[in-house]
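There are two complexes below, and they share chain A, which is joined by chain B in the first and by chain C in the second.
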Partner chain A sequence: MKIGIPRSLYFYYYGDLWLKVFKKLNIEVKVSPKTNKEIMDLGINKSNDEMCLSLKNYIGHVCYLKDCDYILVPRIDNFKTCNQTCTNFLATYDIINNLVDNKIINYNIDLNKGEDELKGFYKIGNILKIKKKQMKKAYLESIKELKEERLISIKDNLKKLDSDKLKILIVGHPYNTYDELIGKPIIDYLNDNGIQVIYSNLFDSEEANQASRELSKDLYFKYNKENIGSIILSQDKIDGIIFISSFPCGPDSLVNELVIRKIDLPYLNIIIDDQSSDTGLITRLESFIDILEAKNGKSSISPCR
Partner chain B sequence: MRKCYLGIDIGSISTKGVVIDSDNNIICKSYLYTKGDPINAVKNLIRELKKGITSDDVIKGIGTTGSARKLIGLMVGASIVKNEITAHAIGTLSFHPNVRTILEIGGQDSKIILLNDGIITDYSMNTLCAAGTGAFLSSQAKRLEVDIEEFGNMALKSKSPVKIAARCTVFAESDLIHKAGLGYAKDDIVAGLCKSIVLNYLNNVGKGKKIKPPIVFQGGVSKNKGVVKYFKEVLNEDIIVDDFGHLMGAIGIAILSKNYETDKVYNLDFNEVSFITKGEECSRCSNNCEILKIYKDNNMIDAWGSKCGRY
Partner chain C sequence: MAKVAFPHVGNYSVPVKYLLSHILDCEIMDAPKISTKTAELGSRYSPDFVCTPFKYTLGTYIECLDKKADVLIQLGGGCRYGYYYELQEKILKDLDYDFEYINLVTMGKTDIKKIVKQFEKIDKNFNKIKALYYLFITIKMVKYMDKIDDYIRENIGFEVQKGEFKKLKKKMLLDFSNTKGYFDLYKKYRYYKKQFKKIKIKDGKKLKVGIIGELYTVMEPFANYELEYELANYGISIKRYTNAHYLLFEKRRKVKKYLRSCKEYIKYRMGADAADNIGRCKYLCTHNYDGIIHIKSSFCTPEIGAMPILNKICNDYNVPIIYFSFDTNTSKVGMKTRCEAFYDMIEMRKKL
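After this line comes the complex of A and B, so read on.
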């Protein structure tokens, strides 16, 4: 028996947890490879035109796993009131269920209705015939390990805020930021040009969530709250912000406006669709770095007369 | 001997070139249409520019900017290849040291650059779509069978420009057809289009930006007097349009090339050099990157487009 895990969307929040739990239970998993053009095209061909690029990409990853016995597709709804996910996250299970022939392992995260993560894993156990006690042990051990690992990642990320280099906070959903085709070309370009990159998802979630209230008390998207919270927590130490979104993300379009209006830092919004040329991207990144360098007096570019 | 610097700005629609001396005076300039073939456009451009320089002039630097800057930079062996935002700002600053806002509307791109004390502090560019750029204006001019050069003058004649949806090119076009069908005068429709360009620009590119004077307006669309008029009207500020505003990118990159001056002297004999590109899809992995290979006299001198860094 083999469980397919698409390396997209939820993977960037729960992938480590799933892999740890399944390993402890000796269950074979197959994770789809890093996004490549074949996977992206697979997704685009199967998607409808109104889906965001990230969801199209997810569908590509799901289709890639068609030889697996099960595919793991959770439904992440909410983390209590005012901490919603986006509608795509709600719909994914139904979309996938109607799209592929594989059996689906599904569980809900819906804290408003008391459906938490542990209950979700019991549901997985139920499908895979794993005893509750065994599942609980694997889950709790994994959670504990991950908590420590995450603390280290956050510490590393925050340490970069003291770097002498130009510092750019990358604000975006991890499934975009870390994706091989969506965010990686941007991160690579920044690294190649001597920029210290800081990631918005590697801040303490609770702290960032609270901090976001400084910008807006009405926002109810959990992931976006954490994104903009990271801006509040780091704004005194960073030189600029690059906001990566996938076309046409609804929550991001709202939050983008919010940040433009309320944050006084050099700011670049990059909206990624499935363009195959990176000329436009490089023009924007290069000129953004030029501005930051000029502002900080680190520039070789001056109007010499 | 006089030291000179060549700046080339290869845009989607037009290719611009200037030769300046070490005091930033323009020695000669040229402007022609790219016609989708940047290599030949630049060969023709350089042929024109060579007529304007004497045997006493030595080229000590070449800079390229604009969307084909990398390709042309390779062809001419440029000393600097830089994006057009930086180039435009540097060029403009050399004529207007106090400029606070640069509005630029080109063929494919439109952008706004904000400066303070001679330093770029912020900028923004149009995102995915080309609504409100020169390409939109010229396609509408064709539809109305109006010469694009006449567009501005027609707009100035109008007393009441029609309202045209400014948000999206597709809506703007259907709005325009309906208004024409209803019987509005052509002048008023043309004026409405010019105004819609301004509103679209300010809502889209200029969104959330504090536009402060002095304001300089550049790019091909700045030649359109109608658009200039509505910028003045909507912003309620004076708008500076230079005769050579379209050359600012080229001037800026020529100035920047001075920073990279070495002992090298450039010759401008590119006509004899065969310079061709071949596009192909790499099949080494499932990324199927589109690779562009560049050949100079049948030798491959560079290639790009791969995600893995192979090329």
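After this line comes the complex of A and C, so read on.
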């Protein structure tokens, strides 16, 4: 028996957890490779033309895993009131279920109705015939390990804030930022040019969630809250912000616009769709870096004004 | 005296204006009808890929503020519609307008205390009990309007003398806006119901089409380029579910029913009206409707998620479906052409 895990959307939030739990339970797992042109094209062909790029990408990954017995597609609704997710997260399971013929393992996170992660894993155990006790043990152990790992990565991320180099905060959803085709070219370019890249998702989520109230009082998208909270937490130390969003991301379209109107920092708003070429992107990044360097007096070019 | 303004949705400005003018001691503004200018104003200041209702409402607000409105009222909803107001407020404040912003639904919930406080700020003599009474009448008015609208929609394509329905509806709305109390309203409703039934209708075979889709585009005729009127011209009887009464009172109960009715396709609610529309689509498919029209504003995320599933249902039951995605600059001609082709197709299918 083989479980397929698409390397997109949910993978960047729960991937490590799934891999750890399934490894502890000795279940064979196949993770789809990093996004490449082939996978993206698969997704674009199968999906609706107005869907957001990340969802198209996800559908591509699911289609790639056709030969697996099961595909893991969770549904994430909310983390208590005011911590909703995007509506695409509510719909993916049903969309995938109607698009492909594979069997699907599904669980639902809906804390308002008392459906939490552990219950979700019990559901998985039900399908795969794993005892509750075994599942609970594997889950709790993995959660504990992951917590420590995350603390370390958060510490690393925050340490970058004290460096002398140019510091740019990347504000974007991890499924965009870390994706091989969507966000990777941007990050690579920044790294090559000796810039400290700080990720918005590697902050303490609770803290960032609280901090976001300073920018927007009534925002109810959990992931966006954490993203903009990171701006508040780091705004004194960074030189600029790059917003990465996929076209046409629902929450980002409103939230990023609001944040851009409220912050007082240089920013670059990058929207990526399926036809963007790297050339235009790099030109924009280059000029953005030039401006930042000129502003900080680190460049030979004098600032325009 | 404060000037209160609110955006248009269909004909619902009549009951809303009735309610506000009775509970608040201030001037209620008739927002200018949505026009191309509104759309242009709205899209000039909106973010790049926001859904169309944002642009229309923002445009309306700007037009109202130019006419010296002081208080703006906005609703909220399940998808990103619930987050409109914060950005709209910021955009309008950046444009240097000075106004009070009342949001009736914050984060999916109505905070009655806060709203009462805001009303009291506008009008010191705000009376809660009086407000409740008029709210009750308004709700009833919305219900009666929706009932009569349903009847009109089914039959307007077959009137013997063109324009009779429209004329009578205009008269009805005018009469409704001068309602004196609940019994007065009820009498008026009974009277107009009879009047509408009296209008002569052609007999014969009817083509039946169901309209489903995103709520704003469905309810606001300007946002869907008067699609219903267009269809009525071809002689099609229209069934539409989404109306204000449904959204306010029936939705909570009916969503569960819809989910149960199409459980082979979907398992969960999919945000906003997506699950409802899938349930309706299956109902229309199994009840001998000749075609389904799905309309939405462009970039409406929940409806985009519903589309592949709608496709599958219609494929399974062999019912034609057509999708319209409306933006502020969609031309009416393209829509007309597609509408005509769709009509020809379903008519041919009926004859076969």
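FYI, the second predicted complex is superposed on the first by the 301 of 305 C-alpha atoms of A that agree within 3 Å, B and C clash if a C-alpha of one lies under 4 Å from a C-alpha of the other, contacts with A are read in each partner's own complex, and residues count from 1 in each chain.
Throughout what follows, contacts are C-beta pairs under 8 Å (C-beta built on N, C-alpha and C of every residue); 3 or more make two chains touch, one makes a residue touch a chain.
The structure displayed is predicted, hence computed values, not measured ones.
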Of the partners chain B and chain C, which touch A:R261 in the superposed model: first, second, both, neither?
both
Scan A:N36 for contacts with chain B and chain C and give back first, second, both or neither.
first
Output check: A:F247 vs chain B and chain C. Expected answer is one of first, second, both, neither. What do you get?
both
Identify the partner contact of A:K295: answer first if only chain B is touched, second if only chain C is, both if each is, neither if none is.
first
Should A:R284 be classified as contacting the first partner (chain B), the second (chain C), both, or neither?
first
After lining up the shared chain so the two structures overlap, which partner does A:Y220 touch, if you call chain B first and chain C second: first, second, both or neither?
second
Let me test your reading of the model: by the given contact rule, A:I271 touches which partner, first (chain B), second (chain C), both or neither?
both
Which partner, chain B or chain C, touches the larger number of chain A residues?
C
Can you give me the overlap between the chain B contact set and the chain C contact set on chain A?
247, 257, 261, 271
Under the definition above, what is the set of chain A residues touching chain C in their complex?
47-48, 50-52, 75, 77, 81-82, 86-88, 90-95, 97-99, 106, 108, 216-221, 247-251, 253-258, 261-262, 271
Note: in the complex, chain C contacts chain A through residues 47-51, 54, 78-80, 82-87, 90-91, 94, 106-109, 265-272, 274, 298-299, 301-302, 304-309, 312, 325
Can you list the chain B residues touching chain A in their complex?
23-24, 67, 70, 82-86, 90, 93-94, 118-123, 125, 127-128, 207-208, 255-256, 258-259, 285-290, 307
So, in the complex, the side of chain A touching chain B is made of residues 36-39, 181, 185, 247, 257, 260-261, 266-267, 269, 271, 273, 276-277, 279, 282-284, 286-287, 290-291, 294-295, 300-305
